[in-house]
Structure formats: C-alpha cells, structure tokens
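My questions will all concern the structure given below.
As written, the chains take the letters A, B, C and D, and residue 1 is the first residue of each chain.
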Amino acid sequence: MISVEQFLKWIRFAHEKIQQHKNELTELDQAIGDGDHGVNLARGFEAVVQKLDAHEGKDLGALCQEIGMTLIAKVGGASGPLYGTAFVRMATAWKGKQSVTYPEFVQGIEAGANGIQARGKAGLGDKTMLDVWLPLADYLARETETVSWKEVERFVYQQMKSTESMEAKKGRAAFLGARSIGHRDPGAVSSYYLFAALCQTMEMKE
Amino acid sequence: MISVEQFLKWIRFAHEKIQQHKNELTELDQAIGDGDHGVNLARGFEAVVQKLDAHEGKDLGALCQEIGMTLIAKVGGASGPLYGTAFVRMATAWKGKQSVTYPEFVQGIEAGANGIQARGKAGLGDKTMLDVWLPLADYLARETETVSWKEVERFVYQQMKSTESMEAKKGRAAFLGARSIGHRDPGAVSSYYLFAALCQTMEMKE
Amino acid sequence: MKKLINHPEYVVQEMIEGMALAHPQIVKKLPDTHVLVRADLSKEKVALVSGGGSGHEPSHGGFVGTGMLDAAVAGEVFTSPTPDQLLAAIKAVDRGKGVLLVIKNYSGDVMNFEMAMELAEAEGIQVKKVIVDDDVAVKNSTYTVGRRGIAGTVFVHKIAGALAEQGASLDEVQKVAEKVISRVRSMGMALSPCTIPAVGKPGFEIGEDEMEMGMGIHGEPGIDRTKIASADEVASTLVSYILEDMPCREGERVAVMINGLGATPLMELYIVNRKVAKLLQEKQIQVHKTFVGEYMTSLEMAGCSVTLLKLDDQLTELLDAPAQTIAWS
Amino acid sequence: MKKLINHPEYVVQEMIEGMALAHPQIVKKLPDTHVLVRADLSKEKVALVSGGGSGHEPSHGGFVGTGMLDAAVAGEVFTSPTPDQLLAAIKAVDRGKGVLLVIKNYSGDVMNFEMAMELAEAEGIQVKKVIVDDDVAVKNSTYTVGRRGIAGTVFVHKIAGALAEQGASLDEVQKVAEKVISRVRSMGMALSPCTIPAVGKPGFEIGEDEMEMGMGIHGEPGIDRTKIASADEVASTLVSYILEDMPCREGERVAVMINGLGATPLMELYIVNRKVAKLLQEKQIQVHKTFVGEYMTSLEMAGCSVTLLKLDDQLTELLDAPAQTIAWS
C-alpha cells in the first residue's frame, strides 16, 4: 500500500503543513498551554526533513526510526517524546520493509498510537493527541485497502474537533481543569495535519 | 511691607500653586531630568503648610527657619537643599522680625538667592532656579516700596521663560548638554510659581 | 517584542555560552549540549541533575555548584529538554554513586526525564527521580496530572544537594528531596505576560487594570483573573492559599521565598515580603530565613510567587549548609 | 501603571521594612528613618555610608553588611535622601574611626551628602567623601557637572568596604575608593521606560522598534536613540565607548559587570555577556571575574549596563575578599 517514496512524500507534506500552521498551533497552545507547540513541532520537522534528504535506500523501518529519534532529540516538551515514541514504534512494526501492505500499515499506526498511550499514560477523552491517534487506528483497522482517504481525513478532522468539548486530564492543559473546555487540543490539531498529509498523499496516488 | 500674616498667605498660596502645577513640573523634569520635581516639591510644601498650622506667634525668621528645615528634610533631590538653604538664609536676614520693610524684604530675597548660589555653585545662565532668583533679587533691589507687583510677576515670568533657550550646565539637565535647549528648567518654573504667589499676595493687599 | 537577543533560534545556546564564560570557576558547558556541569566534578558523591525549559533563569544553571546541582539541562524556551541532552548530563556527572533527577511536574518534563532515565539505566547507571509539585494554584488529584512544579524546586535543589555533598547515599538523598517536596508549597501571580522569543508575541493578554492569580511559570492561565489589587492583598491571598493547603501550627518554623517572575523590581518583592512576614508573625509561624529575589522566573513576566517550606531540624541544617553556585551562595 | 505596591507614597518605607524583615541577620532599620545599617556594628573600623534615591535596588541597602557598607540611606524614588537621614546614618555607624561617604555624582546627591557632612563634622565626627562618576555616556568636563554615577558604584562599595573591614584608616579607605573611581567605567542602554510610582506614568517614551544608548539610571535621556539592535551590537557599542574612554592594554586584568536595569531577564544579560567576553578575549584583556545580574536598577526599566573595572593586585585582592550582604556574598 505505501512505499518508501510515498512515505517520504507524506512526511515532507506533513512538514509543509506543520510549517504553514505553526502560528495556529502556537496560538492554540497559548490558549490552554504554554504557547510553544507550533515552534516545537516546526523545529522538529525541519530537522526531520533535513535528515530525509540523505535517506539513500533506507527502508521504512529505518526511516521511521530516524524520524522518531530526530523528533525525540529536537522537539522536547510533551510532544517530542510522544511523536518520537510513535515513530519509533512504527519503526519496529515496519522493520526492514521497502513497502507495506494495508494491514501492515494499520499495524504501524496502531503501534504508534499504543506507543503514545504507553509513554503519556493518557486515556481516550483526556483531550490529547491520543484522541486522534487511537480512534484513527481503530477506524483504519475496520477498513481495507479500498478505504476512502477523503473519508479518513474527514474522520480525523472530526476526532480532532471533538477535543474542543473535552476537559483536559493530561498534559499542560489539565492544569486548567474545566476551563480547558472550548479549545481544541494543540497536539490533536498537529496530529490532524500529520494525517491530513497522509490522506492527501494517498488520494493523489489513487 | 510684609507681616507674618501676609507671609503665611504667600506660602499657603505658593503651596496651592505647587500642588496645582505638580504634573506640569514633573513633566518638565521628565523632559530634561528624572521626572520627580513636581512630586518632590508637592511633598515638601505639603509638609510645610502642615507645620505652619501650628505657627502660633512665630516671627518671620523662625517661620523661614522652620520652612527651610522642613524643605531640606522632606524634598530631597537637588531642589530640597536649594530651596531649603534659601529659606534658612532668609531666616537669618529676618531673625526676630514680626514684619519687614521693603529694603529688609529685599535683603531676605538676596540672601536666599546667594544661598542657592553658594549651595549649588551654579552661575547665571546655567539654566537653574538661580536664573529666576538672582535677577529677581537684583530687580527688587533697584525698586522701592512702590514697586508694581504685576510688573515683578511679569519680570519673573520672563526670567523663567529665558531658561528655555539656555544650555544646562548644572543639575541633572546638564548631562544632556545642548539637548537641554528648548525646554524650561523645572526649578526655574517652580520658582516662578513661588514668586507669582508672592506678587499676587502683595497685589491683593494693595 | 523588545529583547536583547541576537536571533530567537540561538537564545538558549548563547545564554549557556554566556553563563559558562561568566563563571568558569563554578560551571562548565558540556560540549555540543545545553548542559552546564560543576567545574569541580572530582568528588565521589551522589550526583543531582535538574533542568527544564529555558526562560526560568537563574533556574536551573544558576544552581549548579558545590552543595546544590551537579548538572542542569536547558531545553528550548518553556520546552522540556530532550532525553539525549539529559543522558549526556547524567553520564557526565555520575561518579558511580548514582544520580538523582529533580523534575518539575509537567508531562513533557516527566516523559523526557523518564526516557533519559531508561537510557541511563540501560548503560548501567543507577538513577532515581523526584517530581516537584509545589504549586497550590492547581488542584491536586491523582486522577489528572496533579500540580505544577514552580519555585519550591529551588529548595529541593538546595537541601538534597547539601545532603549529597555530605556523602549520603542515593536513597537518602532521594528521601530528603521527597521530604522537601511534601513540605513545600508555592503560589504565583502575574501582572503582565511574557513573550517566547521564537513566537514573538505575548503568551496571553491581560488588561491594564487586571492581574492573574495562580499564574503558571510558562504563562499557563491561573485560577482567577481579577482587578489589580494591592501588594498586601496579593500577599494575603497567596499566603492563605498556601496555608489552606498546608496548615502550619503556631511555633512551626518555615523558610520563605518571595520570587520575582522577571520584570518585577526588588522594591515590589520586598513590599510583598513585608506583608508576608507580618502575616506569619500574626499566626506565630517562625520564619527561619527569607529569600527575596529571582529564583524561578518566566522570561520578562511581571509578578511574583510566594513559597513556604516547613522546616525541621534536618531541613534547617541542610538549608543553611554552605553552597557555591552562581545564584545561591 | 502596574505595580505590586500598596500606595505610591509608602513604597520606600514599606520596601525598607520588607528588607529589614527579610534579613535580620544582615541589616536592621534605624527607627523613624529609611536607613539600613549592619546588624553587627560592634567592630571598630572606618564606616562606609552610601545611599541615593530609591528605585535602584538592590542598591544600596542590598550592599550593607560585613565587608561592604555600614549603612545605606534611601531617598524617595529617584530623589536623593535628605541630610537629616544621612546624618542619622553617619551617627549610627561612626565608631570613632571616621566615616566615608560614597556619593553618586548627581547635584542633588552631592548637595544633600555635603550638608550632612557639615552637620556631622559640627558634631565632631570625622567624615570624608568620594564621588563616583563612571558613566561614559556623558562627556566629562570640569566646567559642567561632569559624569553620572551608575553601576560602577557597587565596585567602590565592595573594594573600599573590604579595606575598611581590614582595619585601614579613613585616608586609606578614601584613597582606595578614589582609585576604583579612577579605574571604573560604565555605560547603559534601555529598551523601555520606567514609572515613578508617585508620578504614575512612564518617564519617557520609546518606540516599539527603538532603544536608547547611554540611558541614565533615572531615565535621563542618553546619547543616541536608534533602531533596536542585536545583543551583540549593543554589547559592542557599550564596550567600545568604555574602552575609548579608558583604554586597556593587552594583558591587563578587568572585572566585568553586566547589570540588568530591572525588567531584563537574566537570559538576555548572559547573551550580552557572551559577546562582551568575546570582545575582551579578542583584545586580550583578561577577565578576572564577571558579575551578571541586577546591581543598580531603574525600577522596571528594560535594558542593561556594562561596567569594566581595571584591576591591579590590591584591587583584585579586595574585590575577592569575602563579604556578607543581601546582594553580594
């Protein structure tokens, strides 16, 4: 389903979206956090795409490992270890593969989501990026190769949007308690851009 | 020429003027100094009139001594020692007097002006309060009892205004060098209010 | 944004360089990191490592030195440092007696420090951690993330650092750090926001006549946005929140910290301390020592926090023990 | 005006009370004055008295203690203290060995201190004075008032205080103070204004993209209003003005002070220090010690000053001598 080439397209596209929406992410984080999420992710993805330029024949596992370690070392804060762990877990799932089938791809996303949960110890509904990752993994697991990526994007968007009405229980926004309600979670929004980039990459391919 | 009663009227009137023009004096000092002249003098004169309330039969010398010491202890900065010294010197000139004649009055003002010069070591044209005090003392010395206090006030106003085009050589404004030109000296302006209060008190009496 | 910087991207690196250049007798920079370590690392003792996002100076680099921290790791502004940097610090200061990590309770800090801990343990280094959560502005609950760690952290550095300096074991040092954490409470307030250099605009807005009680040290919103109150009222509110959370009986001894958040002049901090001291006097709580100044700042935020540490004989002795760091001596 | 105060009229009094309450081991307040004196005044030695307007904290009360000042007299904000207060301080600390007054070169300070000196001499106390004028932003000229005294004053306190502590005579202490004055130069700059509490509005205005080089510590205008420059450029300008006024040869030793004016975070001061250190390195001027922090502030002004003190063996030893004060230890 996805090749190294497609994968690289996805990540580069995600990078573009993160840079484009850097200020939006920062503003979301200013509302219920400390206002660095856009800056953090922009710095991390900038470093990631620089590493990708020298990928020369790496497989998907190696690429994900490289991306994960780069995010861990460059992002910092809460989102660094979380995104980083997600990619490191994807690396284990896709180890040695030049391309993966749809079920293998889904396994990778599931591994990523579980990694975020293991690292951050959040649950569904805690108003974090997990509220995008876990439902997406479940959604993809129920679908097959013929999944509509437009629909997937719409679904991810809904999940992201649903964090608006949640009360944060984990992450910095949790300090706000009920006052976190009414704002989208910055990490959920950045995860939406990551997966919107995936969906759009896959659509273009179709 | 001036009795204890008239003198008290003058000082109370001067106090009112200082309080009224406190912000103006502060703004003048913000332009070429440190912006505290209005606050300093207002604090000092406030303390002075409180002391005057218990003047009970003091003579002019004792009153001036009290005023001088109060200004020295309450104003601080450059203007405290200067105004304070002026009144202390006036006290010596008017020692034991319940009222003074015109020539005696002029001697008091001269003594005050000389006190300011001795304490501050400024010369004429250095853009300080001295540019009001010294010329005024000279002007009064050339006149007699029949002096027009309206004219005196006009003269004092002119002297004060003439500091605008001077370059400061003494006091905080001197740090500005040529850039002090174009602003009136705060101490000259407060001295103008002091003497405007005198002139208006004397006029009312006429 | 008006800042004395060169480029937002390099503020942390250049600050660390500036610190190392200013105080070569006390700290040195680990090459290729944002880590400051003690200039004299010879002694065999338990090592203390702390750190966090930058923008809280003198925390934490200012507390590296004899009797306090062995290393401080600086993340990007308001962003937890990354595991690789933390690992470098741990490896640089470990003298075979183990390393204690002092972490402020933020998800990011906890995760990054824990990852570093795993990596260090994998290399055979004995590592333990404590998590500071002294900010009573946030309700404590095991269900959520719990409270934030703020200025009280500096007391943890001082006291655990003093015990480590005396040659205590890793367990003992961890235990005393936890004792401090159980007896230290803080709360802050802000009059004005601060600007992360890379963001370029203030993290929040606050009206000309408003203040925020319970403000976090990263500009996280507090618990109450009110009309600006007098220094005495602010002091009373902060002290009463703290004492509600941690009651103190008559005759008990405390250390007090009046911490400036960055832009607040010492004059104002002392005016706040005047009231805090009077309130404690009224309640007959004994003040052993008072610290007034900048210990845990938020860039150029205006405001302050108040910290009370309940002392016993052990904590008193360790608090008073000599230390030689940039910001505590 | 956003300040943590109770009433503009009482800021100085309440600050002094807050300081005395915070540090009873180090200072005490003379009743009915704004004077802080050393808590331990027993020793027979030459006494040092300094002071000036308030708003420059920790100057000068923060430098009262063993090895520095014996008393500090606080005037109203930015206003020289009055002779009666200065006299009270002189009388409180005189131990029969004479008193040295350390005055910053402002007309008001000089006049008030001189009046106090006359009063003290009339009471049979031996008093001498030195006048600090380290600010190179102002042209020096005997014809006018000369230069302003700013952060370099703290080095005078430290070094003269150390010599007095060693039991030197009044003449010797005055001589070393004058030696420091002849070898210390400073210059400052500001990014934002400050507000005298009783005035309620900023002392000057400055555009969002502007800074003022040579700004005085009372908001007195400087020598150049320019577009805001980088920290490196600012550091270079300040250092070059200083070295132009006081050339330093290769191999000469200096002490460096990077002084924050109030609202500037330590982060930025260290970024400035990084460049200052590099510039001195390039010129092969040896840095003996660097002081980064708030020493002579201007309320909540943003900005900094740089001070260089040319050392010789005597000054080095006295600078390094121990001192126990609130802000220097």
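Quick note on the criterion: contacts are C-beta pairs under 8 Å (C-beta built on N, C-alpha and C of every residue); 3 or more make two chains touch, one makes a residue touch a chain.
Note that the coordinates shown come from a computational prediction; the quantities given were computed from them, not determined experimentally.
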Chain grouping by contact, computed as though subunit C were missing: A | B, D
item: Centre-to-centre distance between subunit D and subunit B (centres being mean Cα positions), rounded to whole Å; value: 32
item: Subunit A-subunit B separation of Cα centroids, rounded to whole Å; value: 75
item: Between subunit D and subunit A, distance of the C-alpha-averaged centres to the nearest whole Å; value: 54
item: Approximate Å spacing (C-alpha centroids) for the pair subunit C, subunit D; value: 29
item: For subunit B, residues that touch 2 or more chains besides their own; value: none
item: Touching two or more other chains - residue numbers and ranges from subunit D; value: none
item: Pairs of chains, among all present, that meet the touch criterion; value: A-C, B-D, C-D
item: Complex interface listing, subunit C residues touching subunit A; value: 53, 75-84, 106-108, 111-112, 115, 138-139, 143-145, 147-148, 196, 198-199, 203-204, 216, 218-221
item: Complex interface listing, subunit C residues touching subunit D; value: 2-7, 11, 14-19, 21-23, 54-55, 57-58, 62, 191-192, 208, 211, 228, 230-232, 234, 256, 258, 262-274, 277-278, 290-292, 294, 297, 299-300, 302-304, 329
item: For the subunit B and subunit D complex, residues of the former touching the latter; value: 26, 30, 32-36, 38-40, 43, 72-82, 119-120, 168-172, 174-177, 179
